[in-house]
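As written, the chain order gives the labels A, B, C and D, with residue 1 at the start of each chain.
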Amino acid sequence: MSPLNLTTQALEIIAAIAAAPLFVGWVNQCRAWLQNRSAPSVLQPYRGIRKLFHKDAVLAERASPLFRIAPYMVFGAMVLAAAIIPSMGTRLPLTVAADSIALVGLLATARMFMSLAAMDVGTAFGTLGARREMMVGFLAEPALLMVIFVAALISQTTSLAAIAEHLSSQTLALYPSLAFTAVAFTLVLLAENARIPVDNPATHLELTMIHEAMLLEYSARHLALMEWAAALKLFNYVCIGVALFVPWGVATESQGPLGLLVSVPVLALKLCGAGAGLAVIETVSAKLRVFRAPELMATAFLFAVLGLLVHLLLGA
Amino acid sequence: MVHVPLLLQLVNTCAAGLLLLSFAMLSQRRVVTLVYLLATQGALLCLATLLLAWRTHQHHLYISAALTLGLKVMFLPWLLHRLIRRLDVYWDTEPLLNTSVTMLLGLVIVVFAFGLAQPIAALSSTAARSTIGIAIAVILLAFMMMITRRKAMSQVIGFLSMENGLFFGAMSATYGMPMVVELGVALDVLVAMLVLGVFFFQIREQFDSLDLHHLESLKEKP
Amino acid sequence: MLTLPTTPLDGCLTVIAAWGVIGLAGLLRPHSVRFVGRVLFPLSAVCGLALAVVAARGIGAPATHAVLLIGLPDLPLHLRSDALACLFLTMLGAATTGISLFAGGYFRQGHGAAPGLLCLQYHIFLASMGCVLLADDAYAFMVAWESMALSSYFLVTTQHRLAEIRRAGFIYLLIAHLGALAILLSFGVLQGGSWQFTFDSMRAAHLSPPWATAAFLLALLGFGAKAGLVPLHVWLPEAHPAAPSPVSALMSGVMLKTAVYGVLRVSFDLLGAPPWWWGLVALGVGLGSAFYGVIFTAVQTDMKRLLAWSSIENIGIVFAGLGLAIIFHGFGMGALAALALIASLYHCLNHACMKSLLFLGTGAVLHATGERNLGKLGGLIHRMPWVAWLTLIGALAIAGLPPLNGFVSEWLLLQAFLFAGDVPRAFVDMLLPIGAAIVALCTALAGYAMVKFYGVIFLGQPREPTLAGAQDAGMLERLGLVWLAAGCVALGLFPVQVIGQLNVVTHSLLGAALADPTAHWWLLAPAVARGAAYGPLVFLLVSAVVIVLTLLAVRMFYHRRVRRAPPWDCGFARLDARMQDSAEGFGQPIRHIFQPFFLIDRELPTAFDSKPRYRMSVADRIWRFGYEPVGQAVRRMAELVTVLQQGRISTYLLYSFVTLLVLLALVL
Amino acid sequence: MEFLLLLGTPVAGALLLGVFGARRWAPELNALFSLVTFAAACALTVRIVAHGNVLVAHEQFFIDPFNVFLVTLTAFVGFTTALFSRPYMRVEMTHGRLSPGRLRLYHAMYQLFTFTMLLALTTNNIGLLWVAMEGATLSTVLLVTLYRTPASLEAGWKYFILCGVGIAQALFGTILIYFAAEKVVGGEGVTALLWTHLDAVKTLLEPRVMSIAFVFLLVGYGTKVGLAPLHNWLPDAHAEGPTPISAVLSGLLLNVALYAVVRCKVLVEGSLGSQLPSTMLMGFGLVSVVLAALFLWRQRDIKRLFAYSSVEHMGIITFAFGMGGPVANFAALLHMTVHSLTKSAIFFTVGHAAQKAGSQLMDQIRGLITLSPTIGWGLMLGSLAIVGMPPFGVFAAEFLILTTAMKQQPWATPILLLALGVAFAAVFGRVQPMVFGETTAKRLPHPPALLPVFVHLAIVLMLGLFVPPYLAGWYRQAAIMIGGH
């Protein structure tokens, strides 16, 4: 492992941790613009997190150690995920830790801990949130897996870095299968990150909320970590999408230090675009009833499998 | 036409008589008469045995004739009469199958029996080989009688007449069985009758009738 | 001073004999819990450990035979220990070590039968499982197989005073017996005209394809009945909850695997070269069972029944891998076949650990609370921390989460599915990705079910006041749980070493193996795909480092003040335990989504009920529409037959008469 | 010499007990006589093992491997049953179901019955065989009607008439054999009925006659074996008689009748040289197995249940003999042994169970295992053994039979397997609730005598895992002798 790779790795982790709230802020701002409201500052998420860290933590009397560990677990899982996803460079030392399947497993672990923590206090809200989260998750997870499988089949490997490298290294080729999976992935992204139409991060209306319901009992630093982890999660998903569908510009072994320098602004551009797109989707679509969410996920799953079949059929 | 000596003609006549008696028993409903018929059957059997014994100089046939006389002509009918009087069962009720049909079936069975007897008779070297068919017929008719009757008593009589048939068959085919067996058989029949005697009284005291429809409670409940 | 056994076979036999002796020793003082629990069961755990060690060393060793003096006059019992048998024996030994330790603390007075008797049945069960794995002729196999069913039946009906437990036992033994008859028939076909019933002669026999297929399908039927493959699974959700927990653990964790062993033995060893489409059958049945099992897992409200259904799911996954292996083997794709088979075997090992762990956990809960119904549990993590945290490991593992063991086999299986690309048969190559999708879906649903299982039992508020008195598990029980949990972790962190052993087995079965799976001791990288790798140790290390750093950072830069307060009640002051999600509630989305699969009987309160109550039960369609009609049919035939026996003597005489005439007519 | 002892003891016993049968020590005396008989049988066996076949009393009696093991079995089961009937009959007395007079009759007839069976087994003269069979019927009829209840009278009557008529057919069959043999053996009378002589010349016997004779013999003795559809007397007689009698009927009488059938089959097959007799036996066997399996489903009375299970097993054995060949015959003999041991053991436990519950209706027998573990386990293990669960001997026999069937009559195998499955469900489904569950019954005045049960089951278990070489060799000889082709 060359120093270059090490720096890439470190850079990626730090960038992810640092930029995740910023991305959230960016998405909110875009959305505000689209809905021509006066937008909060892009830095608003940082302020929120800082404020939370300063507050006293209030724990429910019945909270068990699991409840206190969960935020660190979730946060750690997201950081590890960020380390694996080739957002800037493909030669990451840590990719040996986990390939794309393990990545999905990692995200599942985070989800599971979050749900368990939500059930720990034993309020109506927590369990309700946990149930809905798992309900969305058990369809979103295989869908995501299928999405990744298509790319994996195209590039004959399950290592995300290798996939990105393979897809980026070749001249522009049209993969109809990837078109299907792109749709599926978008739906999964929305669902997994508690965005409209599946969930509405802005409200605390128990009939609609999923993610927020799980966090109700958290406060102060724990809540801060959870929020940060959520931001990281969104960031990671977008990066996965980037790595799978628009990998061009990512730094590969051949390009050396220059590639890395190039890849950073490229990534920034991609993220801005993605954020804007996300905002658009969230603006034009309406919140679904909770029980429509599984149908949406089923559609995603279906699209992903279709993509797989298309790939096998057309060999592309 | 081959000439048949007089004695054998007589034996055949006895055989015919036996068959006739079986038919009579098949149709007869008066129990006392059934017993008389049975006794007559025994008598004919005994006569036939004697004739054969005389013609073939088989001495042990005399003994079996004596057995027949003692057992089937005298003792058993006497026993049955006594039972009938003690339990006053003089009449059998209407048989399960009406008489004319029974007769017709009996005819069919006789034909079947004769057919069955052909290969056996063909081999037999005994004087009375032609009567084997009749023996089988008697057995099967007795069987039928047991099937169609409703009173325990008449069933027993059918059983005995079957014994007669067997006996006659043994004799006409092979001049009777070895003495050991003959005695054994006779003993069994005797014991059987005694057991039956006991039986009748037990049944009687339980159901105060010998009607078989009392004995239909043990069955697979649907 | 007994001389140490030389070959693995001798070693295994010694252990099995020792188990027999321990079992009989139980009859010395049948009612003394101290003697049986504190002396005999730990002893049998030691034996289990010995078996595990001996058998593990035997995996690499060449096959050894033995012929006992007992058996049928012309067919003495043949025994044989080869790689496959040794692998499963290792599993038996390892799982038994934990379970017996736990059982030592578990069985106590008033469990229906006397502890000594239970001890006897338990050890006969263990010994017969060992014999099943060692048997090398049809008779020995059948005897061991049925003794296994019988002894487990008695264990299942320990609390025979309850009607439903008797019913469970009856269904169990009936299906087991019918399955055994199918297996017997299959052996009858397998010997292929040699009429020697030793496995050697079966290996030598060359069957025509139709007969080979018949043998395979019969074996699949027979062993499937034991493994609980849909639609032969009906006994499993009944029997496993009925048994005492250590027995449930043994049945679910080990006994089901003997069925897998049987199928492997028949298809790869006795039959030799299975055609690819058998694999398709196995794959279909496996995936079907996995899916059917997991959706039922998600809606159960009885914790042991939930685990039983989850066993159906896992066995389904094992058979899916097995089918995949057969398919690849049929197409001559050696490496992939090896990969699939390894995934399947690996999942067997995993399931043995995690399912036993979970069943023992429920056993401890059952002891502490006397409750099996999820609706009456909750919040036990405060009362029974040991059980709770150890069970958490099992739950995470069975949900297939890295870096625990469940994930490894899932990973291997998905790899196998994924790179099946060049299967030279249309449709098949289309079907395989669907299979992968189903496996993924099942794993995700397993996660759902496990969140429900763990969350409802251990987290939240206690739903019953009585739970306040719950005691944590005793010393022996903890030991057992720790052992199995350690197994889960070890299998999760050191897959390479395990696969090194499994590779030997696959090589002996398929004649093919992975190139060199043990290239890096810390990195799981089967050579089938470029760059596809998974390093559990790194994974664990990195995430641990990150978590610790975060923790330290937070503590360094900020305060660590914590205040305790009642949870937020949305201004509604009387928030109580009843307002948590019930088990039914948690299963509701699954019921809603997969409605057609369930036979739901719901009783909803109306607005005007004076005392409204909600009752809901989910039944299995297969039982209603597959089994009950058969029973009806037999009953109807029996009714018809009874017409023959109407008690009238004349009729009986008529039968004899007609029989006589018919036979005479026949000979004429 | 042991042979006289073997046949003499029961006769003496019958006479003696006919006089003292009602005394307090009569049961012990009964058991003692049976024990002596058993000892004689063992001595005889030893002698056979040492010197091979023997003929005694001017060839009127002979012992060969086939019947010697049945003799030992009969004597053994007779002895254990006598042991069992000691406390059982006492309880019956205390319940007031028996008068001293009846007890005398019971003991006398019990010995007489033993005698007739031993005679039937050991005689060389097929005529005497017939006489002995009839004698067995007569001696048991009175035992079946021992309680003089309406039901028992009905059962006795049916037993008497059906078996009597059947036996009569058998007599005609015997006559025909004699007739056919006379031609060949010639000589005056007796020798033409001696099985040994017939066996020597069986190939010369006239086929047509022999085939007809076989039909009569099969129907005749088959009625006593209880082959469907001639079995109708069997369940009634088993259910209504005293339990020890049910035990010996199932365990011994059926065997003896089957023995007679097989002896005749050997002769007839020899003369015909065709498969006809085998086919008939297999047909009867299959019909019996299937019908019995279905009948089992409808039973309410526990003794009827096991009576039908006897029909089923007799069907299996008959089928095996029908298939012929060393393996099948071997299996059939093994099955005869284990069946009579297991079934009698079951009837022992059933007797005690019914006494405890005060009823033979299965719905009223509950929770035996809590009431009296020994009885409970006895019934449970016995039933598991009888439905063919390894490692009991019944399974070993069925394993051999089924595998041979797959080899020789593949078409029949699925039928057999299905029937076995159905029978398993029926029997086990009835037994389980009786053994397990709660109970309300109370203890008995006399402790149950369950030693016989566990001795029987132990032997059966051993035969399942290990058939002693001499026993095996003995079976083999017998198997070869009865037409191992």
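Throughout what follows, a residue touches a chain if its C-beta (ideal position, glycine included) is under 8 Å from a C-beta of that chain, and two chains touch if they have at least 3 such contacts.
Here the structure is a predicted model, which is why all the values come from computation and not from measurement.
*Asks:* Return the chain label for which the distance between chain Cα mean and whole-protein Cα mean is smallest.
*Replies:* When every chain is reduced to its C-alpha mean, the one closest to the whole-protein mean is C.
*Asks:* Look at all chain centres (mean of CA atoms) and spot the one farthest from the centre of subunit C.
*Replies:* Following the centroid criterion, the farthest chain would be B.
*Asks:* Starting from the mean Cα coordinates of subunit B and subunit D, work out the distance between those two points in Å.
*Replies:* Chain centres of subunit B and subunit D, defined by C-alpha means, are spaced 31 Å apart.
*Asks:* Just how far, in Å, is the C-alpha centre of subunit C from the one of subunit A?
*Replies:* So the centre of subunit A lies 36 Å away from the centre of subunit C.
*Asks:* Could you please state the distance in Å, as a whole number, between where the Cα atoms of subunit A are centred and where those of subunit B are centred?
*Replies:* Taking the mean C-alpha position of each chain, the two centres sit 102 Å apart.
*Asks:* I'd like to verify one number: the distance from the centre of subunit B to the centre of subunit C, where each centre is the average of its C-alpha atoms, in whole angstrom.
*Replies:* It comes to 71 Å between the two C-alpha centres.
*Asks:* At which residue positions does subunit D touch at least two other chains?
*Replies:* 157-158, 161, 165, 212, 295, 298
*Asks:* When you check subunit B against every other chain, which residues touch at least two of them?
*Replies:* In subunit B, the residues touching two or more other chains are 116, 143, 146, 155, 215-218, 220-221.
*Asks:* Name the residues of subunit A that each touch 2 or more other chains.
*Replies:* Touching at least two other chains: none.
*Asks:* So how do the chains connect up here, line, ring, star, complete, or something else (other)?
*Replies:* Graph shape here is other: it fits none of the named patterns.
*Asks:* Provide the full list of chain pairs in touch.
*Replies:* Final set of chain pairs in contact is A-C, B-C, B-D, C-D.
*Asks:* In their complex, what parts of subunit C are in touch with subunit B?
*Replies:* 639, 642-650, 653-654, 657, 660-661, 664, 668
*Asks:* Which of the residues in subunit C come into contact with subunit A in the complex?
*Replies:* Per the stated touch rule, the residues are 378-379, 381-382, 392, 396, 399-402, 407, 410-411, 414-415, 418-419, 421, 429-430, 433-434, 436-437, 440-441, 443-445, 447-448, 450-452, 454-456, 459-461, 523, 529-535, 538-539, 542-544, 546-547, 550-551, 554, 557-559, 561-570, 575, 577, 579-581, 585-586, 588-589, 592-593.
*Asks:* Which stretch or stretches of subunit D touch subunit B in the complex?
*Replies:* 125, 127-128, 130-131, 134-135, 138, 141-142, 145, 148-151, 153-158, 160-161, 164-165, 168, 171-172, 174-176, 178-180, 182-183, 189-190, 192-193, 206, 208-209, 212, 235-236, 239-240, 295, 298, 300
*Asks:* Can you tell me which positions in subunit C touch subunit D when the two form their complex?
*Replies:* Touch list, subunit C to subunit D: 69-74, 139, 142-143, 145-147, 150, 157, 160-161, 163, 166, 169-170, 173-174, 177-178, 181, 184-185, 188-189, 195, 197, 634-635, 637-639, 641-642, 644-645, 649, 652-653, 655-656, 659-660, 663-664, 666-667.
*Asks:* Under the touch definition given earlier, write down the residues of subunit D that touch subunit C in their complex.
*Replies:* Answer in residue numbers: 157-158, 161-162, 165-166, 169, 211-212, 214-216, 218-219, 223, 229-230, 232-233, 276, 280, 291, 294-295, 297-298, 327, 330, 367, 369-370, 384, 387, 389-391, 395-396, 399-400, 402-403, 406-407, 413-414, 417, 420-422, 424-425, 428-429, 432-433, 436-438, 464-467, 469, 472, 475-476.
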